[in-house]
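Read the structure below first, then the notes.
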Amino acid sequence: MSTEKLYFRCDYTEGAHPKLLEALVRTNLDSQPGYGFDRFCAAAAEKIRLACGRPDAQVYFLTGGTQTNQVVLSTLLRRWEGAVCAETGHIAIHEAGAIEFTGHKVLPLPAVDGKLRAEDLEAYVQRFYADGTHEHMVFPGLVYLSHPTELGTLYTKAELSALSACCQKHGMALYLDGARLGYGLMSPGTDVTLRDIAELTDAFYIGGTKVGALCGEALVFPKGNMPPHFATMVKQQGAMLAKGRLLGVQFDALFTDDLYFEISRQAVALALKLKAAFLEKGYPLFIDSPTNQQFVILTPGQAERLGRDVVFEPWEALPDGRLATRFATSWATTEEQAERLISLL
Amino acid sequence: MSTEKLYFRCDYTEGAHPKLLEALVRTNLDSQPGYGFDRFCAAAAEKIRLACGRPDAQVYFLTGGTQTNQVVLSTLLRRWEGAVCAETGHIAIHEAGAIEFTGHKVLPLPAVDGKLRAEDLEAYVQRFYADGTHEHMVFPGLVYLSHPTELGTLYTKAELSALSACCQKHGMALYLDGARLGYGLMSPGTDVTLRDIAELTDAFYIGGTKVGALCGEALVFPKGNMPPHFATMVKQQGAMLAKGRLLGVQFDALFTDDLYFEISRQAVALALKLKAAFLEKGYPLFIDSPTNQQFVILTPGQAERLGRDVVFEPWEALPDGRLATRFATSWATTEEQAERLISLL
Amino acid sequence: MSTEKLYFRCDYTEGAHPKLLEALVRTNLDSQPGYGFDRFCAAAAEKIRLACGRPDAQVYFLTGGTQTNQVVLSTLLRRWEGAVCAETGHIAIHEAGAIEFTGHKVLPLPAVDGKLRAEDLEAYVQRFYADGTHEHMVFPGLVYLSHPTELGTLYTKAELSALSACCQKHGMALYLDGARLGYGLMSPGTDVTLRDIAELTDAFYIGGTKVGALCGEALVFPKGNMPPHFATMVKQQGAMLAKGRLLGVQFDALFTDDLYFEISRQAVALALKLKAAFLEKGYPLFIDSPTNQQFVILTPGQAERLGRDVVFEPWEALPDGRLATRFATSWATTEEQAERLISLL
Amino acid sequence: MSTEKLYFRCDYTEGAHPKLLEALVRTNLDSQPGYGFDRFCAAAAEKIRLACGRPDAQVYFLTGGTQTNQVVLSTLLRRWEGAVCAETGHIAIHEAGAIEFTGHKVLPLPAVDGKLRAEDLEAYVQRFYADGTHEHMVFPGLVYLSHPTELGTLYTKAELSALSACCQKHGMALYLDGARLGYGLMSPGTDVTLRDIAELTDAFYIGGTKVGALCGEALVFPKGNMPPHFATMVKQQGAMLAKGRLLGVQFDALFTDDLYFEISRQAVALALKLKAAFLEKGYPLFIDSPTNQQFVILTPGQAERLGRDVVFEPWEALPDGRLATRFATSWATTEEQAERLISLL
């Protein structure tokens, strides 16, 4: 195995943060009920409620991101409704039609830097209801955002507030996909807090898989608004874990002593260090990301040369022959690895 | 917490066998691709192929049992087909309609001791095709078995062969739910081997969650008959794990040095010891199970008294006021715990 | 073509009652909006409201029976719910899995003479909620009845009331499939009126296809309880007719001058005349039906001989070699045809 | 009622062509089997096979257009596939999510005058398979065209051939929605024949509802390629008519003495007469349609004035305040009505 190579391909190429493994080992023999009724899930949920500043929040732990999106949309949307999202949204492209599999249409709108704009959303909804034939169309019932977006970018608090207001005005739920939420919250420039998200959305999830866990996402209904019989629907979608403790133990560890935020802060810091180095050495950015994913444009020669020592993600072949690429950091990225990459630029 | 209590409620109340945790810790920093393309999944699949005696078998790791049943049935069944099963089958009752959620009907037949009989299956299929209106009915497209069954019982090789022959004759797939497969294979009286199952079925899974893993089931298509674009359909159902390594590492450990079978052998031995003790002390059995789940009938007084020290599963309230109960063993059950329970009888 | 043969196979072998064709011809050039917004649908709905004695009833015209059942169940059931019915119910057997296609389980209970008994329903629901694992099962959300049943039998008002009370008690909707409703309402012995049905159910349909129309069923939500955005969901299921007038014109004719009831009354009278003749000549009944379908047991010899002149429906091969058969009357059955059949017995 | 008004709103505001009603009356008492096994369906199918020049074609009669699209796509698409169409395609917008309801994604591409271009399709498919992550995306499995399009425009034979070649090359089915097919085939300038369509597509339907029938579409699998167990799947979708004769009789009449083509020819001739008049009087076209739907731009004043005497369809509010409108002709449009409209311009 090429153990010498530097891995920057994505944020899920290693196992879990050591503290999570330690917690799994430590709690292993504690006999607990199945299906999420264990004491670890309860403790983790309580810590998340505290972090969100919402004592009435309901937390449900699921295994993966696509699964969580599918569960949320298929339980929040009504039969006649679809989910609006940015055309670059994960549910619109890279989930193999998971939303449609449950009977709902995805309604993509133009995106700017991976973000949905409130003005575009408002215009879309206005046009929809003005259309005399809209009873024959799929109603916009929910708005899906990812934060950070698929391009690593972040909504500002003003942008989130505007989207939330538009949703409230038109009776749409607002759902935020936080697969990499920690990296967004710990980005130096952001003005969006976890409490803001809990206040402005109807549901969101705190991603674990890409922020240090073996698996697991913490789905939050911040206003005590979990749909009735939610667990039965989770079971019906094949998404209920028998040993729910696996998720509870990990999230309990992640939300103990701010580990989740610490992991994220460190990964973002290294990513921004890489960005500075890329810019300094004259590599153009594909997009300017303030989070743990950095998107850099390489010439074929650069890609070839760098590829000998570094594993990165080919993102998109550009018309001019160059290659947009992604370099991601995670809890497993070390200062030393970052330095080695920088020395190779 | 009543840490003193004895836990016999089910086989998923603790974490994972220590060797699996060790493997997770040991491999934690190995950078590997996501989505099951890691080297651990590859190694585990190879070991399972060897154990099945089928070099052409295809193995896919999923997270849980209901998920696996849902994925298999919704990819093997055609639009006009449903799944035949014993009326006590897990898919017919305790999966919250997961099969119907994907558009397919479950077709329950009478069960004897939790088992489907080939003669009942044959008669059902004969009647179906003899019916002049069967084009308006759901076609039997697949037969679902669980082994051990939901009642801990086992098919004999002759019974499995007869069911398999009936399936082949009528063009139905045969699928075996092995959530507790190890306990069946290691039951002293069984004449069914893993190779038999690989030979007689079109798909089956080797249960991990209930046999020592944190989560995970190894789905096997023993004859190179995995449906095309299977991974895309798994993704579409929200069942693909980003860090597939979590499953690969665990199954690699389970199939190293026969750990899977050793875990199962030991749990069955303790369960049969309990059964002997129950019988000796005059407790009637609800059903005679040769595997790790024992079903015992208790009077209300016995249930109350035993319940003070032991956590067991209330299974079914009997018409005469007594209670059928389940006592299950697992990798986490010790000789000493079994002795303590016996001394309480 | 064997135009000489007598047709008693079913009640949909001819076109439409002549008055419906006349109405279609008469109204043909009247320009009207599509999708059920025409004046004929409005007029027919008003007449049905009057016949039901429910000014607040909402009426929606659909094309066929399976379609109507599918639309009703998939709009009234919630994600975690299934439909309870008699094991002989149409949705459980002869709709090719149409309910499951929309994601919902059918929950069959034992039937007596094709009817669901309130005591069986109550016991089922009691057991369901008493089961500690019911959160992992499909909730009974709606009860489906057919009246007349698939075997031509009828509920009494007391039976309907008991079922309705059980539904109300447990928060289940009550839906009545009236594919042959007219024949039930006009059966001499019944004490169930259209008003009773409108009072006791949450939804029902007045069958047109089998009671004199070319196609069409009038779905009634008797208490102004049509689900929101119902038309959009009908469209989504491909069940909305562009020229809704086709249904409106026919139902307007059926509910003018009691034509619907007159058609039904006459067909039942002829069917009961046949039943009397069968009994008089010593033919045993398969079931004692008071409606337009008569179920008679024939020896192979009788079936062969009668089959030369009469087209009837083979219903079920009996274990003793005899054949249960169905003879159905309709608006198209004449007194003279009935006499000819009787003379052949 | 404003019976004096002129109706040009759409092509389904009246009943059926008189010859179809006559046929329904004439055949009314002929006893025939249900579910499409009647002799009228057989005769109509044979006539359609002849008209298509394909003795191996299979024909199935369905009730409406959305229903037909839903049935075709959900039976031809495989689990991992979606349907590509022009962004203006009916399935993408005005079917309330009927395709997604059956679990499949609609994949809209840019449209030019309502038409999908082969070059755009080819580029899309190329990009799809070049994408390293396409296993996580919905595969393009079928291409949906409407002809005439939703904007009344027509593909040329060269365009259809190029699309067909692209589909064959990439293993995609080609399906043509012919809701208004007759108007396309009878357009003076077209070089596309029914035989061309039968040769170039894998499935298409000959629209009846909008071309003179009360209801009904003739779905054609031109190469004997009807999916297995198709009727069972139709039943499963609630789309099977008990009195299939209603569709058979009408299509038998439509394909007797070229009535279908005659109806279409006449309606197109009147529509083109209107177009010439609009142009002559200086009304700009919204789009240049060679078929029975004409799209004209009106000022608010013109719309108001014309609206006093004529019912037309408001199509789209233009940014400059003017209104795009639709005027449609049908079998029910008379020369005299066309003249009256022209005189009002």
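Per-chain residue numbering starts at 1, and chain names A, B, C and D are given in the order in which the chains are listed.
Keep this in mind: a residue touches a chain if its C-beta (ideal position, glycine included) is under 8 Å from a C-beta of that chain, and two chains touch if they have at least 3 such contacts.
In this text the structure is predicted, and so the values were computed from the model without any measurement.
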Farthest chain (mean CA position) relative to subunit A: C
Pair sharing more residue contacts (C-beta pairs) when A-C is set against A-D: A-D
Centre distance in Å when subunit A and subunit D are each reduced to the mean of their C-alpha atoms: 42
Distance between chain centroids, defined by C-alpha means - subunit C, subunit D (Å): 33
Separation of subunit A from subunit C, taking each centre as the mean of its C-alpha atoms, in whole Å: 51
Per-residue overlap in subunit A, given as positions that touch at least 2 other chains: 80, 95-97, 101, 103, 135-137, 232-233, 235-236
Subunit D residues touching subunit A - in the complex, by the definition given at the top: 80, 82, 93-97, 100-106, 130, 132-133, 135-138, 314, 317
Subunit A partner contacts - residues on subunit B that touch it in the complex: 1, 5, 7, 9-10, 12-16, 18, 21, 24-25, 27-34, 39, 63-71, 95-98, 101, 209-210, 214-215, 232-233, 235-243, 245-246, 249, 311, 332
Footprint of subunit B on subunit D - complex, ascending: 74-75, 78-80, 103, 135-136, 139, 229, 231-233, 235-236
